[in-house]
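You will see chain A twice below: alongside chain B first, and alongside chain C after that.
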Partner chain A sequence: MKRRLERAGGQQLGDSSIIKTSVRLLVPFVQLFGLYVIVHGHYSPGGGFQGGVALGASFILLALAYDLKTSIRHFSEGANALLANTGALIYTGVAALCAVMGGLFLDYSALDKLIPLGPIEWRSFGIFLVEVGVGLAVMSIMVSLFWDISSGGEMDEGL
Partner chain B sequence: MIWQLDLLILLLVVACALAVITVKDLLSATIIFGVYSFLMCLLWAEMGAVDVAFTEATVGAGISTVLFIAAILRTNRRSKD
Partner chain C sequence: MILNIVSIVLIALGLFFFAVGTLGILRFPDFYTRVQAAGKCDSLAAVLVLIGIAVYNLGDLSLAAVLVSIKILFIAAFVFISSPTATHAITDAALLIGVKPWTKEKNTP
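Moving on to the complex of A and B:
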């Protein structure tokens, strides 16, 4: 009993192996669910925003169960900034490409002149491309919001 | 739509909203705010707006609760003035 108390005293507050193990098992399924929501976003509930939040929540869960350093090691700050900008660029790039190809802004059927799939297929596929961009941007911004708030912007210690 | 269920959830939403602004402890207020978000999510889903319910569940009950807790970590127990 005494030895157990000593071991408990050596542990950090909130440092539980049950939580760590369950989070480690849970994170891949949360990410798979986020990808499912993004990919099926154009004909079922959900979409880029909700799927991106679910993907970001998986990294936030990792930071909550372990610490901020583990989260940053799995998803570095450079990759975070790169993915956020890539997502925004995919969204505006697809939209501007539609305008350049002779349609309106975000009028996906204009992309038919680029790769002939048919305007109706392009409307579906264009929404999918935009959802992927939104998902990437939202995931990165949610994770960096949590990093910045929980560490005061210094990224060295936090929750 | 079942109006009895709507009424029950709406009453619980109002009770949670009143509890959030009256409770003293910030952590308790955050957790009750998460409950409020989840009840709103139930309400949206029950009224047929599944997309809005999904957003409310992920952002309202998930991310914003965690962000509030992270912000509370940076505060002190008692105010200076």
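Moving on to the complex of A and C:
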């Protein structure tokens, strides 16, 4: 059973307006930084996994400061499952498309036959495509794992 | 030249607060006072060091250097908002769960 901790005014644990306000200030910047890390992954430190973790952490922060219902209202379970599967599909789709177009698995320069940009340009752009897929999948799976673990699989009440 | 002096002063002040805060973490008697020392390290000292680095980076006034300095200032603002919030959350949770503050007389109930 969960122990309810109350303070003097009848507020419950984690129901602090200081934390809520600062989380409301910070979450958009955390998400912007996550997108920056994903998009700049192929020529600076970072990449799909790290950016996806930053994006997922923003929703986890929302669930920690408010409650589980708020984070589900901003990022529904259907959208979560859809984005996770879309990310995996983008990754394997790009990789398999390279094999179909006559290269090896994940050999992006083979995609030059589809849209002629030049093989070197495609090697850079293919990594970007794959990392967008990885970022989407990692973000959704992180948030989904947090929801499941913190509510015991019930999705009704979090930490 | 002036920028160098300003950045040296800022970074030295930040390192001083880091040293004092570390001393506080090691020497203070109970949880709340140690959290206060750690929070002072995280907010004031880290922000001073970051602003000092941002000023030092402005040594050659080109667009790239100014952009990097603005990014460092963004990090400083982020730390300045999030670190006191984290300290507040930890202290609040400790108070609710019943960690007793330290008092000088051990015998008073």
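One rule holds in what follows: the second predicted complex is superposed on the first by the 151 of 159 C-alpha atoms of A that agree within 3 Å, B and C clash if a C-alpha of one lies under 4 Å from a C-alpha of the other, contacts with A are read in each partner's own complex, and residues count from 1 in each chain.
One rule holds in what follows: contacts are C-beta pairs under 8 Å (C-beta built on N, C-alpha and C of every residue); 3 or more make two chains touch, one makes a residue touch a chain.
Computed from a predicted model, the values in this text were never measured in an experiment.
Participant: Looking at the superposed three-chain arrangement on chain A, would you call chain B and chain C a clash or a fit?
Facilitator: fit
Participant: For A:97 in the superposed arrangement: first (chain B), second (chain C), both or neither?
Facilitator: It touches nothing on chain B or chain C.
Participant: Of the partners chain B and chain C, which touch A:56 in the superposed model: first, second, both, neither?
Facilitator: So A:56 only meets chain B here.
Participant: When the two structures are overlaid on chain A, which partner does A:155 contact: first (chain B), second (chain C), both, or neither?
Facilitator: In the superposed model, A:155 contacts neither chain B nor chain C.
Participant: Let me test your reading of the model: by the given contact rule, A:22 touches which partner, first (chain B), second (chain C), both or neither?
Facilitator: Only chain C is touched by A:22; chain B is not.
Participant: Counting only touches as set out at the top, which of chain B and chain C does A:47 meet: first, second, both, neither?
Facilitator: first
Participant: May I ask you to decide whether A:146 touches chain B, chain C, both, or neither, giving the answer as first, second, both or neither?
Facilitator: The first partner, chain B, only.
Participant: Compare chain B and chain C by how many residues of chain A each one touches, and report the one with more.
Facilitator: When the residues of chain A touched by each partner are counted, B comes out ahead.
Participant: So if I take every C-alpha atom in chain B and every one in chain C after superposing, what is the smallest distance between them in Å?
Facilitator: The answer for the closest chain B-chain C C-alpha pair is 10 Å.
Participant: Common interface residues of chain A with chain B and chain C?
Facilitator: Shared contact residues on chain A (touching chain B in one complex, chain C in the other): none at all.
Participant: Quick one: which bits of chain B touch chain A in the complex? Just the residue numbers, please.
Facilitator: Against chain A, the touching part of chain B is residues 50-51, 53-55, 58-59, 62-63, 66-67, 69-71, 73-74.
Participant: Which residues of chain C touch chain A in the complex?
Facilitator: Against chain A, chain C makes touches at 78, 81-82, 85, 88-89, 92-93, 96-97.
Participant: Per the contact definition, I'd like the list of chain A residues that touch chain C in the complex.
Facilitator: Touch list, chain A to chain C: 5, 7, 13, 16, 18-19, 22-23, 25-26, 29.
Participant: Which residues, counting only chain A, touch chain B once they are in their complex?
Facilitator: Contact set of chain A toward chain B: 37, 45-47, 49-50, 53-54, 56-57, 60, 64, 142, 145-146, 149-150, 152, 158-159.
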